[in-house]
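One chain, chain A, links the two complexes that follow: it is found with chain B in the first and with chain C in the second.
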Partner chain A sequence: MTTAVAPPLLEDTQLGPKAGGFYRHQNIWTGLGFGIFLGFIGWLVSHALLQGSNWGTDMVVTCTMVGWVLGFNIGMGTFNAPIRWMLGHDQTHEDELYAAGVGQGSSRYLKFCTDHKVVGTQYLILVLVLFGVGGTLAMMIRTQLITPHSSFLDPQTYNSVVTIHGMVMIIATIIMVSGPFANFIMPIMIGAKDMAFPRLNAMSFWVVVSAVPCLLSTFFLGGVNAGWTTYAPLSVQAPAAMDAFAITIIVFVVSVTIAGVNTIVTVVTMRAKGMTMGRLPIFTWGAVIGGALGLYAMPAFLAVMTMMITDRVTGTSFFVPEVGGSQWLYENIFWIMGHPEVYVILLPPVAAVLEIAGTFARKPVFGYKVAVAGFVAIASLSIMVWAHHMFTTGWAPNLAAPFMLTTELISIPTGIIFLCTIGTLWKGSIWTRLPMWFIYLFIWNFIIGGVTGIYLSDVPADQFFHGDMFVTAHFHYTLLGGAMIGATAAVCYWFPKISGRMLNERIGKVAFWMIAIGIQVTYFGQFWEGFQGMARRIAYYNPHYQAANDMSTAGAYLLMSGWLVFLYMLIHGWRRGKIAPANPWHAKTLEWKVPTPVPLENFLVDPVVTSDPYTYGEGVPDGQEVPEFAPAAEPELVPAGSGPPEPGDVGGAS
Partner chain B sequence: MSFEEEVDEIEAETILGGAPFFSRPGGKIFIIWLVFTVIGVLIGVYAPHHLLPVLHSPEGGDVWATVVVFTVLAAPVAALVYAIAFYSLFAWRHRSNDPDEPPPDAEPQRGNGPITVIWLTVSTLLVVVLLFWGITVWSAQQVVHPNALQVNVTGQQWLWTYSYPGTGVETRTLELPVNRPVQFNVTSVDVTHGFWPAALGVQVDANPNVVTVIRTTPNTLGSFIVQCSQLCGLYHAFMNNNGDVVTTQQFDSWLQSNGATPTAAAAAAGVSSGGSTTAMGK
Partner chain C sequence: MAITETDHGSEGHGSEGHGSEGHGNGPAVPGAENPGGEHETAFKRDQKERLMLWLLIGGDALFLILELFTWFYLRTLNVNGLWNGAKCSKANPCTDGLGNPITAPIHKADPKHAIIIAICTVLAAAFVWLAESAAKRDAGKRSVSTMAGVAYLFMLVAIGWQIYQFQVLPFTTIDGGYASTYEFFMGSTLAHLILLAFIGLGLWIRASKGRYSGATWYRVRLIRFFAVWIALSTVILVSVAALFY
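Presenting the complex of A and B:
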């Protein structure tokens, strides 16, 4: 390293007093203030003009929610740059640097910030908050079900809790990997300086943030009592909360679509020199294919919720059978979104699992191309399976066999993913750090989730199990036991890069065992309920099912305690963890070759890639190296949000 | 001798070619696989019988058989993944005093064409078997009996009403004669409900303005529960009632005690007007 070539760090740029323009005055507080203000205006105007009409309350709620979402994003600065362009100004370089967070310290995390690492961190916090909300609601459900006729929740509240638990968890799991890791890690992995559209990136985050209060407001608007699937016509008749729910979905789909386009364009156009598609880290493939599948699936959600709103607010009758609508139309559009969406959730964490398995087995990913082909096959098949959610609706019984075929075919590419995972572990040097423990838990759970899925794919067996707790247990094994545990492994794996500090693995092991055992007890309890024939989503049940329910509730408390220990580990690590070296896992992907904390625009000197990142044990030079960094910058590097390094800490880049 | 040394020695022996099959990694994984498979198969064969409720129809029997067959088919695959995962964790785990020190790189292996092909072939064959099973069972269930007992099922928030056409009987409990094919014509007057007599192994949604049809033949006397399987609003949890499978004579007299004329009751119950039982469904 020589000091002579050291370029100055971008984040040290001294900005003029007017850099950033409006951005200087905007943060989450102006967003909240403006959102509440515009929401209030929306309420005032619609209340004055429309309250007396047939669908008055629905119109008022819709206008208020739209006002809030627009106001919050205007207040945050989401639309600053486009508005300036419309007024004939352009953003100066200084404005862009300000928007990227230069000179704002940790307050940039509460602002509209275009730096992909800030957006990734913001997403991580949001995901943790959403899991906290969803987990609390889950505990309320399980507490209600301790006794057959509990008076803990009244039925309306129980139905609303079931609905919002489902939707919060769906939102959280869709963004749990594509938010934090596809934003923070993926651009560095491919040698990019940022996402292709940094402003859209920040927008995708703040738009989804503005959706969350809409979703939670449903509890104060009468509650959505129709389950997260909100089947028509029940949802058409539901309280005004349903309007807020539909607005939530529409806003969320906008965010996911923006994020998906951004991910795809970034990988297609922003790769470093030599980073061919065949040399992409496998996680990137998962993020891209998941994002692309989201672009197919999520617009159907937007469409169905728009139709729902027009049914409720303007009196159309897409889903009202009495006047010519069809509930099967709703169910079809919903599941055309709903099944691919499962794989939008699943593919990024599964790809992260392969990535992490390679690092901790010290082996190349087994069957890289086969795995990518498996992702593509899963994504393509998943758009043709939706009607297996409708086997018992009475719609098109003649299509049962074709949908049974497509559904069961998916198990072939899913099996390929298992082959690649255990192939990667085969004769590896298994390094059992915390992320690797969660990889093993992923394998354990995802097999159970997959095997129980084949019963449900079979129409005669589904005649029994549909709408039964067995289904609940099955998809919690895949989405919690599989996807979310894969995401947990990803959090443990990339935490040192994101926070600059190491996690305490001793606390992590405690959390791991509580989570691992908690999942088995909770969902085997629910399999038991399901075999006995207990319906889903019921607030009261036959005393015959009590033993199984109590088993499930006991497991759920253990599971939640495990997550709280895990959360404690994250907070502890973020505040007091050992300072992380740049590459604690000795991994070969590019994100570990840049210093921690990662400088603005990631690479001071552009990397040139000469091989894929899986050259473990092949005795060749690492093909994904980052040219030397400016040493002058190194001593100043400290973890995000921390004070100066303490004596004895291992600081800076290794 | 510690476990790692044992493993090292076994691997050395493997290279020398002198090791017996069961002390090689492949042999040990085979044993673990065999144990897991046997456990899985035993669970698959014995557990569903104890977990499922008493099933009152051939369709219910199909549910039980499907669970058994699929578990037995899936057990070896799941056991193989588990065996390799467990073996890797115990035998190839790197043990070191310094947890921050990564293990040496393993021997690289970027893929294995033959194994991938075998894996693909086996999983495709399994899917074909599953599909064959599913379609065979499903099409066997599609037989329409022209003389089946008609039961009109109407869902509303939050109860079920059963009516027996031709008899004028309308009740809140579902009475069915044993061994008589029955056709449920299901509809709803408000929102979507799910008509789910779980013990009969059939289920269909009750949709407003549409009649959906399911068929079964109860073959075991006893009572069962009908539940609503689609969240339908406030008191969804209470939308259930009992059903009974009774003998033909009991069904006949039950219909009459609920107001059916003897002729209509006999016709619905499949009893000839003379009062003697027909051979229907036996």
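Presenting the complex of A and C:
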């Protein structure tokens, strides 16, 4: 038996003093410097030229934001490679290694780094920051609603807080799984050395970073008081903050589009030998289909925000009926984006849940092909349901029934995926570790979110519930209770691979129970408010609703406390957690077969896949329990056919 | 999941589209600064980049469809009769009730300018195609760069003419749905042309440095796909704007 000899690690390469070129001098500080400088130039020039014209203020804000975004990305080095390409100065291999973070230590996390693991980690931190911001805004909302006529926030500020809470959370949830895990984990899962386009990968991250200050600046520009949907003509009449909001979305669309393309190309073209499409880990399917759906949804977001900003900045009349526009045009295009976007958020975490369920039940994913078909069906149907958000607007009443039907149809593949999750756990030898707790919570929450969604798809019921707190409770159960809890399970599951350390599960269980109870109390309170008829997005309410609001607010405080404990657990784990073995969960997918920390190009030798991803328990006679696994050990990579099989592995060439 | 055996190499860092064609296992490229720097086959790179391009074009096509949807939606709805400007009268004094002026009747945009721009984009795409053919048959860097240079020239003419058209339109953005959507088409075309010109300039400079030959012609093909798409989308927008006033 001969063991393959691994080549020297790339990260140990000694780079020359000029490796990296401009990248050597660029980091987040140069990004901030250039961003502020070009933002100032944008402000100065537009202010001098346009202030006093009809749309002066809007144009000044737009130019300033565009200047900031361009400047930040120039300073970060986002455009270095395209410009060098254009000038015919290709990057050398040393430049590429430098850009991948070789020899830079932890400073690479503050730079334009092309290593997918660095980008994944950067995304994880960004997502945590965004959830921190969004969560703080959520607590401001609930604090305002403690009493019917609270003076904590004035109505205008309250509306702005509601809007930005919504959009921050939408951005955070879109990238919460596709950012950290589709970047860090997925390439390793499929046996690739990196994403297909490492520079585009880094670009997608830093572009979205540049969007965040634009969004937060809205508070200082008069606030966006139109709700996260920013319906026209409200948004067209909003203060100048709306321009910054639109720029945020346009920049975000660029990032998500690039990331989606990169994910798809990576999976289609970079799989290891033997990693057929039928052997892809289920999480990969979720990431790819979510990415593809994002490619469908994002152009609509781009189109609607571009038209809205031109309505504001140049006086076009897309959405203003007084001058020939139509608010229905806005609503149609917005929801052509809006409903698929819900599944862009949902599919990757749901796929992660299936992935994790298989590992901890020590069973193959139940109905693997059916689940994949379910993802495809959901994605396909989700592009045909947008008008269910417009049942009460008066648009095309004759189409209400068809849209009700398509919406209700989508519950079928959703239910099938749900059954696949249950089937995976059914009669499994369930190993109840922290990720598994969150899977249970996901199942509970997702049932409630899903079932209440069916009510809302029904036209008569929607006529009653539309615009009230029932809807708020429904989508929070779906997006927070479902998607975000699924993502939380993913964080707990892959944390040892990302950080190299284990989480403290005792702290984790405290966080879990606070979160689990907090969600139920918060959102059952909101269902109650909805049943009573309380409208959403209102700063003051009838005292009749106070008991339900008190319940929801108390739950929200518990929920936020739970998230803080969870955050503490992450920080504690990252700094002082026990060193993680390479495969603490005895999982079968490839990311657990590589050492921790993961080498620069992931695999010391290229893997060849010879079996399905979930071969748990195979080879164990009926009636016997799956044997306990030995403490995790580094996998040995050996030439085909010569090594001892792992427990449950099935040999055979692909 | 069992994994076994292996060979070193395949895709890794620096395996991206920008720059450095044909290193490693791919065909060698005269003038490349980093020979042997990468270890990805030319076939694999081409496969990745083509797929990326088709996906991006797919997304852009959806954007184009939404532009057309906007045109036909507003035209069909003709809200308050303001698709192409209101007829002002005593009953309709062309104000919004607050005394602010709103649209008056407007003239159709002269299609000549849009047609010239469309012709330029088609010619630019054609010359990129010729550059690709020249590279494919190893016609020499002078031949490839000449074609690429002419293509770039047409891109610049199209951009210039598009900017000029903004100056000579018989209406402004505030003159109703037709005016708004027409200018949206123009803005969208201009943005695409600027992106194409960036790539076109890169093609020309790189061709002048001899980066494209029989071994690397497929990289020009990628640019040709994009140029043809831009030409096609411009022709579609121009046709709709001209035929469905």
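Throughout what follows, the second predicted complex is superposed on the first by the 614 of 654 C-alpha atoms of A that agree within 3 Å, B and C clash if a C-alpha of one lies under 4 Å from a C-alpha of the other, contacts with A are read in each partner's own complex, and residues count from 1 in each chain.
Criterion: a residue touches a chain if its C-beta (ideal position, glycine included) is under 8 Å from a C-beta of that chain, and two chains touch if they have at least 3 such contacts.
Everything numeric in this text was worked out from a predicted model, so none of it was measured.
Asker: Look at where chain B and chain C land on chain A after superposing the complexes, then choose clash or fit.
Answerer: With chain A aligned, chain B clears chain C, so fit.
Asker: Taking the superposition as given, does A:Gly33 touch the first partner, chain B, the second, chain C, both, or neither?
Answerer: The answer is neither, since A:Gly33 touches no partner chain.
Asker: After lining up the shared chain so the two structures overlap, which partner does A:Asp606 touch, if you call chain B first and chain C second: first, second, both or neither?
Answerer: The second partner, chain C, only.
Asker: So in the superposed three-chain picture, is A:Gly533 touching just chain B, just chain C, both, or none of them (first/second/both/neither)?
Answerer: Touch status of A:Gly533: first partner only.
Asker: So, does A:Asp115 touch the first partner chain B, the second partner chain C, both, or neither?
Answerer: So A:Asp115 only meets chain C here.
Asker: Output check: A:Glu322 vs chain B and chain C. Expected answer is one of first, second, both, neither. What do you get?
Answerer: Both partners, chain B and chain C.
Asker: With both complexes superposed on chain A, which partner does A:Thr589 reach: first (chain B), second (chain C), both or neither?
Answerer: second
Asker: Once the structures are superposed on A, label A:Ile412 by its partner contacts, choosing first (chain B), second (chain C), both or neither.
Answerer: In the superposition, A:Ile412 contacts chain B only.
Asker: Which of the two partners, first being chain B and second being chain C, lies in contact with A:Trp85: first, second, both, or neither?
Answerer: Only chain C is touched by A:Trp85; chain B is not.
Asker: Once superposed, minimum distance in angstrom between C-alpha atoms of chain B and those of chain C?
Answerer: 8
Asker: Enumerate the residues of chain A that count as touching chain B in its complex and touching chain C in the other.
Answerer: 321-322, 328, 614-615
Asker: Taking the complex as given, what residues does chain C use to touch chain A?
Answerer: 1-21, 23, 32-34, 36-38, 44, 47-48, 51-52, 55-56, 58-60, 62-63, 66-67, 69-70, 73-74, 77-80, 82-83, 96-97, 102-103, 172-174, 176-181, 183-184, 187, 198-199, 201-202, 205-206, 208-209, 211
Asker: Can you list the residues on chain B that touch chain A in the complex?
Answerer: My answer: residues 25, 48, 51-53, 59-60, 62-63, 66-67, 70-71, 74, 77-78, 81-82, 84-85, 88-89, 92-94, 99-100, 102-112, 115-116, 119-120, 123-124, 126-127, 130-131, 133-135, 137-138, 141, 186, 190-192, 194, 196, 198-199, 201-205, 207-210, 212-213, 225, 227-238, 240.
Asker: Using the touch definition up top, name the residues of chain A that touch chain C in the complex.
Answerer: Contact set of chain A toward chain C: 4, 7, 10, 81-82, 84-97, 99-100, 114-115, 191-194, 196-200, 257, 260-262, 264-265, 268-270, 272, 279, 281, 295-296, 298-300, 302-303, 306-307, 310-311, 314-318, 321-326, 328-329, 332-333, 336, 588-590, 593, 600-601, 603, 605-615, 635, 637-641, 643, 645-646, 649-651.
Asker: Taking the complex as given, what residues does chain A use to touch chain B?
Answerer: Going by the criterion above, the answer is residues 155-156, 159, 162, 225-227, 231-234, 237, 321-322, 327-328, 361-370, 392-394, 400-401, 404-405, 408-409, 411-412, 415-416, 418-419, 422-423, 425-433, 440, 443-444, 447-448, 451, 454-455, 457-461, 463-468, 505, 528, 531-533, 535-542, 584-586, 614-618.
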